[in-house]
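Below are two complexes that have subunit A in common, paired first with subunit B and then with subunit C.
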Partner chain A sequence: MHFDLIVIGMGLSGLMAAKTASESGSKVLILGKGMGALCLFSNTIDLLETLPKGMKLDEGLSQWIKDHPQHPYSKVGAKIVEEALTSFTSLFPLPYSFVSAGDGNSLLPTGAGTLRPTYLIPTTMVAGASVREQGGLIVGFKGFKDFYPDYAATLLGCRSLTLPPFRTFHEEITAAGLARSMEKESFREEIGREIRREMGNETRVGFPAVLGVRDPWGVKKGLEETIGAEVFEIPILPPSIPGMRIFNRFKEWLVQRGVTVLLGHSVSKAILRGRRCEGIRVSNPPLSSFYSADRYILSTGRFVGGGLVANEEKIYEPIFDLPVSQPRSREEWFRKSFFSNLSHPVHQAGILTDSSLRPVDDKGERVLENVWIAGSILAGHDSTNEKSREGVEIATGYMAAKCAMKK
Partner chain B sequence: MDIKTEVLIIGGGATGTGIARDLSLRAIPCVLVEKGDLASGASGRNHGLLHSGARYAVSDPEAARECISENRILRRIAGHCIEETGGLFISLSEDSPQFRERFLMACEEAGIPTALYSRDQALELEPELNPDLLSAVKVPDGAINPFELVRANAKDAERHGAKLLFHTGITSLLIDQNQVRGGLALDLLSGEDYKIEASFVVNATGAWVNQVLKLAGLRIDMALSKGSMLITNQRLNQRVINRCRPASDGDIVVPNETVSILGTTSVRSEEVEDFEVTPPEVSLLLTEASRMIPAIRGARLIRAYAGIRPLFQSGGTGGDRQISRSFALIDHGERDGLKNLMTITGGKLITYRLMAERTSDLICRKMGVDVSCSTHLKPLPVVAESLRPKDRLQKIAPGGEVLCDCELVRREELEEILETMQFRDIRDILHRTRLAKGTCQGGFCVYRLLGLLHESGLVKESPNKVLKAFLEERWKGIRPILWGGALKEEELIESIYKGIFNLKDSVEFGVGSSE
Partner chain C sequence: MTKVPMTEAKVWPTSNADACIRCATCMAICPVSRVTPLFPGPKQAGPGAERFRRPGDPSVDSWIDLCIGCHLCDMVCASGVNISELNLLAKAKYLDEKGRPLRDWLLTHTYLYGWLGSLFSPVVNWLLKNSAIKWMVEVILKIDRRRQLPGYQSPTFRQWFRSHHSKGDRRIAYFYGCYVNTNEVEVGKATVEVLEANGFEVTLPAQECCGIPMLGNGDFKGARKMGLQNVPNLLKTIRSGSEIIFSSTSCGHMIRHEYNRLLGIPGSEEVAEHIFDLFEFLRNLKESGSLNTHFKELPLKAAYFAPCHLRSLNIGLPALEILRLIPGLQLENIDADCCGLGGTFGFKKEKYEISQEIGKDLKQAIDRSKPEIVLTDCEGCRLQIRHLTGLKVLHPVQVLRDALLQRTDEEMG
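Right after this comes the complex of A and B.
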């Protein structure tokens, strides 16, 4: 089958690229072997940690761009970053939408009782932003091993409550299982009554971020009615239920728009002729299929996603064998201290591009004419330490599609 | 709380706990102090090999004879710490056939039983061996769990009246004229100090012997040799695989429960706590070990670690590989004129019991007591039931919490341990369970462990401080092997702790958790 555009990789950047291209009326195929880092780490939308509180997005970002000419944000530009974020948030109309606190970062509580700066917050998390000042009750579930209310509450200056095991659970309690239970009214009422009994003078109640996948706002409202206090979600260990919500929303929208979505498919080979990609072979054992398009966007992520692979000697890109910018030897990949103040050099490794996000070699020569690069695979940023993960994904996914579909 | 006893033993490794057991079985009162936890030095930092002695048969016949004799004793008294895997010394095309003949003869002289296998026989037993091998010699090597062994000795010693004090250091020796009379102890977690009066002091601190001797203004000649090892996340061999050539780097792969351990290097070190495994060491171990077992090349490594061999130099020159692996018992009364102080060092994990016997014999002679050793006759107690993965899986009840997914460690298992011990430091738990020993090396489960400890009121400071210290310590073992699957996992772990949890800045490991 032939498409206008094939997007390889179904993380946030790939989904953004597919959305953007589809809006320009193109025939798009997006395929991925999994749901990407989105469902591991993305609870909120990070833009940049150094965005000072209260500073307007464009001011903070413009300064960063000035100081970091090789950063993906510098390729995109502050204006397009803002455009891309608007395009992202348009997918999430109220009541479950993404908001920012006065154009700057908010500090949200985490499962480790720390506060974490982040830019766009789902409405189910907003009330958590003031928990340090206003206090609250942090609730967890006995038998749910990925959240310890007492641990988080002590550090946040809150009170904690561990709910006893409920009849609903026969097997190990997981985030996904809890999220499913939360969508049942009977379960919400059962735990709601229990919490209400234990409430002191708190006016808000924090839960691990498992308030349902399909209708988190409904779950929040339901709980608030029974408990009689405001409810918010706290990001915890992967998997990320809020990340799954983002994924599901994109998928639903893309399918509705007629985009071909192939999940669980990975590219085994790209067929190149000169500096053009002619098609891809996709393996979905026992079948192997061939797809072609005029243009391609590569958004396969880093090591976790499989977009980059490291062997003992070097880091490579397995689909197109693109040049990967990287430290000279493995000895330089990581610093001696895990919590070093400087980021580990391996995180800066990735694909170099020109200003249109097309891949280039170390001399700046364009390597492929009809392939664009988006997302965390891009060289020159460290999404974890800069807290720029979702921002870079959204901005470069949007930008890559805009550039690819230009002519 | 000043203490009076007969013998003060410094060092809680195999030798120290072995001496405590030996003395207490002879009804001689003793107190053992250890600055860390059980087996935190070389006793816990080795490849878990139950030596047959074959490795030393050609170069060091005395050490070889000690090994095979102790090998037989340990099979009798410590069966529950041992897996009787057997071992092979394989010859590849570049290995000299003359060496193999000398090796066979030397084993016979040392009393080590051998059998010669053809290439095909060897491959049938160990299908992952390099098919280019020429032959293999069977020897009675085995795998031993050193933590279990040391804990069993400690438990038996305590059962017979010995007192064991952990996280406790000796800050000075009490010396009266030309005689040692005990030492000043410092509880490193609480800061409390007190006096331990003793008629005899035994220095069983392995690589740290000179730090203790310095307190008496003494010193002995030690060569510190760092040996590095790598762990794979699967077991590639059923038997211990050795290279049939003179002792060299990367000549052994020891199977251990569900993993294989590749050893070792020998690098002269000046530091007793130099545990860094360097990239050249990693490359060398992989290159050499994969000559014996090619599948090692593609295997997922889970950790690198190093131990310091305390080698006693009785003079002579040559490389560290040539220094005898036999042990030395030094009577400082005879050597330096400081009575009732002795140092026991050198040796191997496998000869710990013999070292303890000789030391205890010396003390008995000095005391004028005539009780003989019985440690070679009485079986060691079982401390913790060692469960195979299948048994661990069967123990998981519906709705139960498995805190460590890699090694199937249940919440109940940890709660039971916490009930039976006085919890002082997170490492007390890490040394007593399989938690954090698997593929993710504690990346997920230590957060959960801290959640449990915090709930139980056992973490008095910020749990994040302990968590960060653990991650920093874990990093030392992970950093040398970060490529392939391990790098992928590390990106995930870093994204969790620095990303989702926003943890920053490094802190030092081992900060006390009780008041």
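Right after this comes the complex of A and C.
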């Protein structure tokens, strides 16, 4: 089958690219080997850690761009970053939406009891931003191994409560199982009563981020009614239920728009002629299917999803064999101090691009004419260190599609 | 889409459990571990347990039989671990050692006695609905009496086809499967009529049960036997110059992928190249501009549900693409994970509750959409959705057939 655009990779950047291209009326195929990292991170939308509190987004970002000319944000530009974020949030109308507290970052509690700066927050998490100042009761579940309320509460200066096992469970529960139970009124009432009994003078209750998949706002409201206090979600270990909500929403929207969504199999080969990609093969043994398009966006992520692969000698990009900017040898991957606050060189490795996000070699020569690059595979940023993961993915996914579909 | 056999090195190793990075994405999607703590979930049951399994050791995986075989874990895994395949191999080993109840044999060998069901359908259907019989079946065979066993039809699809004279410019072969033959003849008729309306003469190659009920129950030997019977017949059809289509995504997935991947049936690669999902085939016609799109207005509100095996075919949602061409048809895609029937899974007494619990999520999604009818390509999903919602549930081809303008309609304007 032939498309206007093929997006390779189904993480946040790929989904954003597919959405953006589809809005311009293009015939789009998005394919992914798996769900990308949406279930691993993406509880909230990080933009940049250094965005000073109170500073307006465009000011903070403009400063960053000035200081980091090779950063993906510099290729996108502050204005387009803002446009991309607006496009992303438009998928999530209230009540379950993504909001920023004021203009800058908020400090949100995590399942590890730390506070981390982040930019856009799901409305179910907003009340957590002031937990340090105003206190709260942190609630967890016995048998749920991904969240320990005592540990988090101690660090956050809160009181904790571990709920006993309920009829619904035996000795072990998973995030997905909990999220599903939370959608049931009977379950909410059962735990709500228990929490109410244990409430001291707290005015808010923090739960691990498992308040349902489909209607988290409704679950939050339901709990608040039973408990009689404000409820908020705390991001925890993977699998991330909030990340799943993002994935589901994109998928629903894309299918509704007529985008072809192929999940579950990887691109085994790109067919190149000169500096153009003519098609890709997708393997689903014993077959491999051929798809072609006028343009392609590569958004396959880094090492976790296989967008970048490292062997004994070097890091390479397996689909197009694009040049990968990287430290000269493995010895230089990490700094002497592993826990250094500074970024390790290996995390800056990735695909170099020109200002329109097309791949270039180390001399700045364009390598492919009809391929654009988006997301965490881009060189010149370290999303974990900068706390820029979702921001970079959303902005470059949006920008790559805009550039690819131009003219 | 053009299909070509894979010439690249084998990318689907027997076990790639070590590729698992324990990211837990599969734990978010598994429909079974979401509803019951009895199943530890794909991460634990698949690659997790696989690291402790050694060929000579007896199986201790008493929960492995709870994997419903939906493949959703495989689809979301960014590391490409063949989780459901690991589960299936472990299930086979467990059941081989523990032994299988007569019930499992009966549920997986309907092809042997389905013709009897059709022959005596009035009596058989009455018996299947009789509550005393259902109670006995539950006590003796452990088939849950709350589940309605599908009724039989007479004449069978094959018998009907014998007196039907298919005409067309090009030939196409149809793998209809057991269920269409004895239980849902209408689906077969609609498929034939749609293909004929597109200028094809339909033929029926010699065929047996595809074997998926056996494979799903970990009976590799039984499944392989069916594959070894079907492949030579299908190859004969292909070599005579005809492509093959299937209307059941489960049969189709079995033939196109599992015959080769899991069962290693000789010649299955060539069959895979030439066998197509019905709507995938129609989409190819549409792409080449030769699809008959003379549709009449069909004012109907329908919900479409994509079966798990359609998703693992990795061809997108071709039925949705084709049905969207029908004027007046309001079509909503139901975004839910698995219907919960899992072929024979949901009939078993010890699994009925789990099956229903999984199905509830789908039922709620359908309720929200408030459709007049539900459409889905898999017979198992159709059975389950009827059971869950009481709504009319059809194969999408039945709606497509109804929308096609008959020649006389056209003449009448």
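Note that in this section the second predicted complex is superposed on the first by the 405 of 407 C-alpha atoms of A that agree within 3 Å, B and C clash if a C-alpha of one lies under 4 Å from a C-alpha of the other, contacts with A are read in each partner's own complex, and residues count from 1 in each chain.
Just so it is clear, contacts are C-beta pairs under 8 Å (C-beta built on N, C-alpha and C of every residue); 3 or more make two chains touch, one makes a residue touch a chain.
Just so it is clear, the structure is predicted and the values come from calculations on it, not from any experiment.
Visitor: With the two complexes overlaid on their shared chain, look at subunit A and say whether subunit B and subunit C clash or fit.
Guide: Aligned on subunit A, subunit C fits beside subunit B.
Visitor: Kindly classify A:P93 by the partners it touches after superposition: subunit B alone (first), subunit C alone (second), both, or neither?
Guide: In the superposition, A:P93 touches no partner, neither subunit B nor subunit C.
Visitor: Quick check on the superposed pair: does A:P164 touch subunit B, subunit C, both, or neither? Answer first, second, both or neither.
Guide: In the superposition, A:P164 contacts neither subunit B nor subunit C.
Visitor: Report for A:C39: first if it touches subunit B alone, second if subunit C alone, otherwise both or neither.
Guide: Once the two structures are laid over each other on A, A:C39 reaches subunit C alone.
Visitor: After superposition on the shared chain, which partner residues are touched by A:V304: those of subunit B (first), subunit C (second), both, or neither?
Guide: So A:V304 meets both subunit B and subunit C here.
Visitor: Quick one: angle from subunit B through subunit A to subunit C, Cα centres, nearest 10°?
Guide: The angle comes out at 90 degrees.
Visitor: First (subunit B), second (subunit C), both or neither: which does A:F334 touch?
Guide: first
Visitor: Just subunit B (first), just subunit C (second), both, or neither: which does A:N385 touch?
Guide: The answer is first: A:N385 touches subunit B but not subunit C.
Visitor: Who does A:P238 touch here: subunit B (first), subunit C (second), both, or neither?
Guide: After superposing on A, A:P238 lies in contact with both subunit B and subunit C.
Visitor: In the overlaid three-chain picture, which partner chain does A:G274 touch, first (subunit B) or second (subunit C), both, or neither?
Guide: Neither: A:G274 stays clear of subunit B and subunit C.
Visitor: Between subunit B (first) and subunit C (second), which, if any, makes contact with A:P69: first, second, both or neither?
Guide: A:P69 contacts neither subunit B nor subunit C.
Visitor: Quick check on the superposed model: minimum Cα to Cα separation from subunit B to subunit C, whole Å please.
Guide: 5
Visitor: Using the superposition described at the top, list the residues of subunit A that contact subunit B and also contact subunit C.
Guide: 37, 40, 169-173, 237-238, 304, 306
Visitor: Taking the complex as given, what residues does subunit A use to touch subunit C?
Guide: So the residues of subunit A in touch with subunit C come to 1-2, 32-37, 39-40, 169-177, 180, 237-241, 244, 248, 251-252, 255-256, 258, 260-266, 268-269, 281-291, 301, 304-306.
Visitor: What residues on subunit B touch subunit A, complex-wise?
Guide: Listed in rising order, the residues are 279, 283, 286, 398-403, 411, 444, 447-448, 450-452, 454-455, 462-464, 467-468, 471-472, 474-475, 479, 482-484, 487-488, 491-492, 494-506.
Visitor: Enumerate the contact residues on subunit C facing subunit A in the complex.
Guide: Those in contact with subunit A are residues 1-6, 8, 10-12, 21, 23-25, 27-30, 33-35, 37-38, 40-41, 71, 74-80, 256-257, 260-261, 268-269, 272-273, 283, 287, 311-317, 320-321, 324, 333, 335, 361.
Visitor: Note which residues of subunit A are touching subunit B in the complex, please.
Guide: 37, 40-41, 43, 110-117, 143, 145-148, 150-151, 154-155, 162, 165, 169-173, 235-238, 302-304, 306, 309-312, 330-331, 333-334, 336-341, 344, 346, 383-385, 387, 389
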